[in-house]
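Two complexes, one shared chain (chain A), two partners (chain B, chain C).
Our next item is the complex of A and B:
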């Protein structure tokens, strides 16, 4: 399966949330790595390649939008899906303007997330092939 | 027709069914009453004081004017009496000085004197000479009094002491009222004899009747003991006791106001004689004396009453206008305050809701993921005891989390009122879209939906999505209020003044009870219990207000509700 090769970086300060989400994605044959804040997430992007990053917007220290900006500086091609607990489309739209692929509102529907991941990778695929 | 919709709160107040935040009527009634009382006091007290002062002054003035002629008449009449008596006394003194006792004792002489007196002066009835022992020794006149003894009579004693005497009216031996004028006659040997003449009192009555008194007025003579000396109109006949309380004897005219036996107000003017113990009394009822005063008083009272009526009328009318203005101003202020309070309430609840929703969202996301993982694990696991039961329970958790998620998302949406996108919109199209969403419900429940949409409805500049949400909320509510198969919901649109539009949603449902109608736009207020969040109408109110429109409700319990939305031609968004 292609999924085995897909490597996802999850950045969120909610340890319980992120670890469970990682576990659920891994059950679906994704490879997940987690980071508890924006800074450590960026360091991980610098160190190793990821197919996609999922970043929470509300985090202490470096917030989601700043983390997104820095990730895009390091790897402009890395698709990023933002998560928001606000129910607001405003920050999500702002994130998309900066370069995020899409945003989802917490609590997540895992199938909606997987659909977005697939769409993001499909959008990225031609570039990979080229 | 739509003027009342300019201010929805005012409209509610005008509608008794929707009159929430009722202003206590008693407050204005009390204010009205107090203003009237104060204004009446302010105007009537000076007016009354003026009336009383005028009354007093006019009365004093008029009284003086009325009393003056009475005094003059009294003085004049008294003077006439005194002249009459003084003349007779002078004649008697002249006779006593001219004739000796011997001559006066001669009957022929005194007969001649009496004849002359009767001829020259009116009133003389008889004349006689009394010796020092009091015996009448010489007498001419109509009665046979010769030989009578007068030593015990006051006239005899007084004359011997004072030299002269004018008696009060008395009956004496004659048994007929008369007065006696007596003077001393001193014999050569020094013995004091008395010359005595009787005067007819008819003259008194003649003099009084010639005073020219007004009708109902009375004049008479009394002595200082109050015994009538002449006949009186009201007080009795000669020699009776006068029932009136007369002023004490004074030689100067004096007047008093008192009441007679019939309790009638009277004026008494009296003047005492210096020459004898007589008091001339004039009694006049006040109604006669103060006739002109009473006329003036009546006129003043009529003017006062007319003024009073005008003042009272003016005050009542002015106060009514004043109170109406105060009331209008109060209502206006109160409605502004209410709107402000409502906006503040929504704003603070919105902030609170956003905070709560956000804080809940994170643990909710964790529960969701944990439950999701459990489901994943259950699905991947081989069959174990009660696997399906666990699966069912876990799915129930996920479903509940989903329900919570919807609530928190609506809460967050409510707090932000969502981003507004202004574009030209056709409200009729939106209504068709919304009815489309609800079509299954309409068909399934066999509801009657009548669209009375204006074909010439003008497009407006507003937010498509937001108006869609409001219409969806209102129509969902209307459908929830009506009964299956019997339910009827009318949706009407029309152009209104200033190029705005009006949307009216009428249902024949259960209606809204009066006691809760004031709360229906409050956040979290719901009657649907588990089915509703209590945010629908609150969000709708917030959206319509934000879009510059108005939303009002008119409802009769048991008959249905009418929600009316007015939207302006163009929305000017004010960020809150």
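Our next item is the complex of A and C:
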């Protein structure tokens, strides 16, 4: 699987966080698009195909769990990795119950995120572009 | 639950919200430090604008450090309000800090809290913890009114008529009778009234536009 073919959607209201994370992932030849809130992220999932979505749980307006539910309604096969704080692992577990592939705790380790992305994509391998 | 137990729950909510925001600050710092590492590993041969890129990351780290300092200073000041049962409280300053620390909680409910500047804010002696709890409950009360989605404006009252604080919203579509009914049925409004009575404060609904809650300091308290 070549990284340059993998398209990631990052949804988080912390603009500086997702723009920097996107830049780091792009240096590793992933394609990244960002959304600053759940509603915009959902609209992007409706309009264009992504291989994976990374969604923050604590967002103003539509929260991460509701964003996840709506993403899964539009595209049940899209793997979603949730981002959460230390105190919100319960929400991360709840997210997995409703269809998230996994969750990671902020601040992130980029290598742990990349491992998780690879695992998520391997799990849906037949549908991933090669 | 007594007033102080309830105050502990309130402190938990404020602390959770602030530390969550601090985690975001640290996450941004960590990602920018990681990005600098990435740039340095790539080296100047692959990145002719290496210095410019690293400088940009350093700028972001500095900016987030200031944000982190504001949050920890605010949280520290908030924590120290438990030091004394009776202390001088500057109404504007205490409201400003509480709104700064809790803005994320209300934004998540889709509401923005706006504090209006006050040039000559009044101070008075009271229990700072309970006073903050009254402000918090008042904000929650207004945010929880169904169909109330407007920004909440917080204004310090400092006139000959009295000193206090107004928490209001402009919503022309919301019926004043409906607002009053919702407020009177709210358990938080009942709490506010009980605590205010103990503290010699006078709460009242603002039933005409802008609707909201007014908390006034009784004249028997020492006001500066």
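Assume the second predicted complex is superposed on the first by the 121 of 130 C-alpha atoms of A that agree within 3 Å, B and C clash if a C-alpha of one lies under 4 Å from a C-alpha of the other, contacts with A are read in each partner's own complex, and residues count from 1 in each chain.
Operating definition for what follows: a residue touches a chain if its C-beta (ideal position, glycine included) is under 8 Å from a C-beta of that chain, and two chains touch if they have at least 3 such contacts.
The structure presented is a predicted model; accordingly, all values stated were derived computationally and were not measured.
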Kindly classify A:24 by the partners it touches after superposition: chain B alone (first), chain C alone (second), both, or neither?
-> both
What is the contact status of A:59 with respect to chain B (first) and chain C (second): first, second, both, or neither?
-> second
Counting only touches as set out at the top, which of chain B and chain C does A:107 meet: first, second, both, neither?
-> both
Of the partners chain B and chain C, which touch A:50 in the superposed model: first, second, both, neither?
-> neither
Go through chain A and flag every residue that touches chain B in one model and chain C in the other.
-> 14, 16-17, 20-21, 23-24, 27, 58, 85-88, 106-108, 110
Name, in rising order, each residue of chain A that touches chain B in their complex.
-> 14, 16-17, 20-21, 23-24, 27-28, 58, 85-90, 105-108, 110
Once bound in the complex, which stretches of chain C touch chain A?
-> 16, 19-20, 23-24, 26-32, 34-35, 38, 42, 57, 60, 63-64, 104, 107-108, 110
Which residues of chain B touch chain A in their complex?
-> 354, 357-358, 361-362, 364-370, 372-373, 376-377, 380, 401-402, 405, 408-409, 411-413, 416, 419
For chain A, which residues count as touching chain C in their complex?
-> 14, 16-17, 20-21, 23-24, 27, 58-61, 63, 85-88, 106-108, 110
